[in-house]
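Quick heads-up: structures coming right below.
Next come two complexes built around chain A: one with chain B, the other with chain C.
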Partner chain A sequence: MIVSELSPEELASRLASPGLRLRTGPVVTRIQSRLTSVVQGVALHYAHYAVEGEGSFADFRVRVASPHSLRRWLKPQVYFHFDGASPFLPLPANQAFAMLEWGLNWCVSNHCHQYLIIHAAAVERSGLALLLPGPPGSGKSTLCAGLASRGWRLLCDELTLLDLATGSVVPLPRPISLKNESIDVIRRFAPEARLNPPVHDTVKGSVAHMKAPEQSVIRGAEPARPRWVVLPRFERGATVSLEQQSRARTFMRLAENAFNYDVHGRRGFELLANLIATSDCFECRFSLLEDAVEALDGLARRT
Partner chain B sequence: MSSLSALRWRTTPIDAIAWREWDGEYVVRSERSGNTHLLGPLAGRVLQVLLDASSALNSDDIAAELSDELAATDAAERKAAIEAALSEFKRLGLAEPVQE
Partner chain C sequence: MEPLLLALRDPEALLGLKLPQWEVLVNQARRANLLSRVAAGFDRDGLLREVPVAPRAHLLAARALAQAQADAVRREIAAIDRSLAATGAPVVLLKGAAYLLAGLPAARGRLFTDIDILVPRAALAEVEAALMLAGWAGMKTTPYDQRYYRRWMHELPPLKHIARQTVLDVHHAILPLTARLKPDSAKLLAASRTLPGEPRLRVLAPVDMVLHSATHLFCNEDVGNSLRDLVDLDSLLCCFGNKKGFWPALSARAAELDLTRPFYYALRYVQPILNTPVPAQVLRDAEIGRPPSALRGLMDAIFFRTLQPDRAAATDGLASLARGSLYVRAHWLRMPPLLLALHLTSKALRREQ
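Right, the complex of A and B next:
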């Protein structure tokens, strides 16, 4: 069963209690919430995702809820609960869905140590993965959304999971987090993309999530072999360029961008070294998304 | 002669070091510290010479091993650069002077 097969009432009821067991890639999360914005966000963004049975195992149990106090009415806030604990400070109630998304990222990055986890977006074409590691503001998610709108399969927006045995990228396709100007850039670039209304004044500025393309969700169990590592660098006014990068320096960038490189010791070193040895490494400077997508399409065409 | 010149060096046990080289640059992981380092061409070659050596080497031995590759550089400069690399290896736990 997938989420869209539940009626709006069934979805709201299941999210309220006992919780919706949602499969995203290799992860099953039991999500509970009575908040309308969370129900609507799940209905929009997770329509094509599998729902696991109520008695089945869930890797994580999370809840997004208002406090039982006056704060429910006065400047309402929401909390993210994980196994009964609240690992984050509360946020304004209108950020509830964004908080769920950030919380789900936190669950994976802090617990899924069966993978080497890189802070990077990843997309796939012809079985080959293109990794986009980068800090906030580098244009990582914008490029990822642009590529996912032009024929590349979305593997993940934030957390690239590398299989320790095979070195392949294990897909974790989830909504793409767009911030500030990127929201309008994607609206113009891909008018067909489904975005929820932006939430303003978050710690990251204005935030809207773009729904993952349906095909990327349907093919969510198909791994992809890393082939390119592209360090995105958004620079206002820059002409697009793809400059080959030193493999050793790109290795260090990936290690620095990994959440759990140290956890895996020598195995993590060997995994990253093999990835780098079989990948071409570039920096992509860009200001116009159209040009950057065209340049990266060119990489795939040359292979 | 600097005080470093007299010292003979060896790497920490070979299985405590993992390394890869691409286009003259090296990434090196020390099992002892758990840290990974980026080494430039000279430092990387010095480490390789030490890893390949069957006994401890001093900076003159290493300079002799690398004489073909570093023929264009001044001998004193070459030796100073090798000794700087050895000092850095000591700090990083990649190599150590042998007590004689």
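Right, the complex of A and C next:
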């Protein structure tokens, strides 16, 4: 069963209790929340995702809720609960869905050490993966959303899971987190993309999530072999350039952006070394999304 | 029985579990910081491959994390050892660090939050200076905290390495100076053992290791890791219990070190909860540390609650009251009433600011 097969009432009641067992890539999360914004966010963004039954195994159990204090009438807040604890400070109530998204990322990056996890977006074409590692502000998510709207399959926006045995990218397709100007950039670039209303004044500025394309969700169990590593560099006014990078430097950038490189020791080193040895490495400077997407499309055409 | 306790006692008994019960197990084990310990149990018995794929992924992930921590702790201990070589002071590793370097089963799949060492009080200033030179700096910087640790506690204010961010606790005793029980650190140091292949590093004698673990569990305010501490205790007793002369020496040492009360509690709770084999004679010997009946009833109510795996039901009002009372009790045991009042008042006032 998928989420859109539940009526809005069924979805709300399941989220309230006992929780919705939602599959995203290899991860099943039991999500509980009575907050309308979370119910609506799940209904929009996760419409095509599989719902697991009560007899299944949930990797994580999370809850997004407002505390039962007087404060909820005055300046309502939400907490993210995981394993009976609240790992983050509360956020204003209108950021509830964003908090769920950040919390789900945290669950994976802190626990799924069966993978080498890199802070990178990844997209796929013809079975080959393009990795976009980068810090916030580099244009990683914008590029990822752009590519995912033009024929590339979305593998993930934040967390690239590398299978330790095969070195392949294990997809974790989830909504793409867009910040500030990139929200309008994507609205213009891909008018058909579904975004939820932006939430302002978060720690990351204004945030809106873009729904993952349906095909990427349906093909969420198909791994992809890394083929390109592109370090995105958004620079106002820059004309697009795609410059080959040294493998050594790119290796270091991947290692710096890994959440659990230290956990895997030698195995992690060898995995990244092999990934780099079989990939072409570039830096993509850009200011206009159209140009950057075209340049990266060119990469795929060349192979 | 709770899946986590079953996993700690007898991993094989879990193989018939259904997925929802595996989910409960992973949840309980993760909360108790024991997931990697559970993984080590399956691994030891060669059962990991028989665990269903979904929970197995968590066990493998936890195992990788614990392995990385163990490697890191070994490197860290080597760095501490190098930094302190010139002082000539004996350095006794405590708790997890000791289990790891001594190759004890208690180290299998154990997670670390910090490294603990014990040095003679007379060498404290020199040890602190040498560690600071090597990059360890105090984490508690307010004058009150400094004074609190240096006058009343059994350790220096925790040190953090400026580059590696690792935390080191330097102890000169196993209980605060102000505590009612007064185990003599000189005796612990005198009985400590060298480690094979390590010219300077030492660990406590087996009986002292057990008594320290018991003391830590039953006099500490860190209630979140209680079950983890009980697992340490169980593992040490199972490992040393087969050695000739261990049990009589343990009872005698508890009396000698003024630790008959924590010793009593240790056996009282570890045995029914983790099914640790303890000879009947030792249980009788331990009665010497038995508290008055009313107190014992209260302690039973508290400990049997806080030592249970932390599932949703255990977060009821009684369990949280039990955890709260253990925090208060730990402080009560650490300091005389007047000093405690001053300390808590001072902490409360500072929080106001």
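Odds and ends about this structure:
FYI, the second predicted complex is superposed on the first by the 303 of 303 C-alpha atoms of A that agree within 3 Å, B and C clash if a C-alpha of one lies under 4 Å from a C-alpha of the other, contacts with A are read in each partner's own complex, and residues count from 1 in each chain.
Here is the rule we go by: a residue touches a chain if its C-beta (ideal position, glycine included) is under 8 Å from a C-beta of that chain, and two chains touch if they have at least 3 such contacts.
Please read all numbers here as calculations on a predicted model, not as lab measurements.
In the three-chain model built by superposing on chain A, chain B fits alongside chain C with no clash.
Of the two partner chains placed by superposition, A:Glu9 touches none, neither chain B nor chain C. In the superposed pair of complexes, A:Ser246 makes contact with chain B only, with no contact to chain C. Comparing chain C and chain B on the residues of chain A they touch gives the larger count to C.
Applying the stated contact rule after C-alpha superposition, one finds that A:Glu192 touches neither chain B nor chain C. In the superposition on chain A, contact of A:Glu54 is made with chain C only, not with chain B. With both structures placed on the common chain, the touch criterion links A:Glu270 to chain B but leaves chain C unconnected. Of the two partner chains, chain C is the only one that A:Asp83 touches; chain B does not reach it. Of the two partner chains placed by the overlay, chain B and chain C both lie in contact with A:Asp262. After the two structures are overlaid on chain A, the closest C-alpha atoms of chain B and chain C sit 7 Å apart.
Once the two complexes are overlaid on chain A, the chain A residues touched by chain B in the first and by chain C in the second are 262, 265. In the complex of the two chains, the chain B residues touching chain A come out as 18, 20-23, 25-27, 29, 31, 34, 36, 38. By the touch rule above, chain C contacts chain A in their complex via residues 18-20, 22-23, 26-27, 30-31, 52, 54-55, 57-58, 60-62, 64-65, 67-68, 71-72, 310, 312, 315. Here chain A touches chain C in the complex through residues 26, 28, 54-59, 61, 83-85, 111-114, 262-265, going by the rule given at the top.
Touching chain B in their complex are the following residues of chain A: 246-249, 251-252, 255, 261-262, 265-266, 269-270, 273, 276-277.
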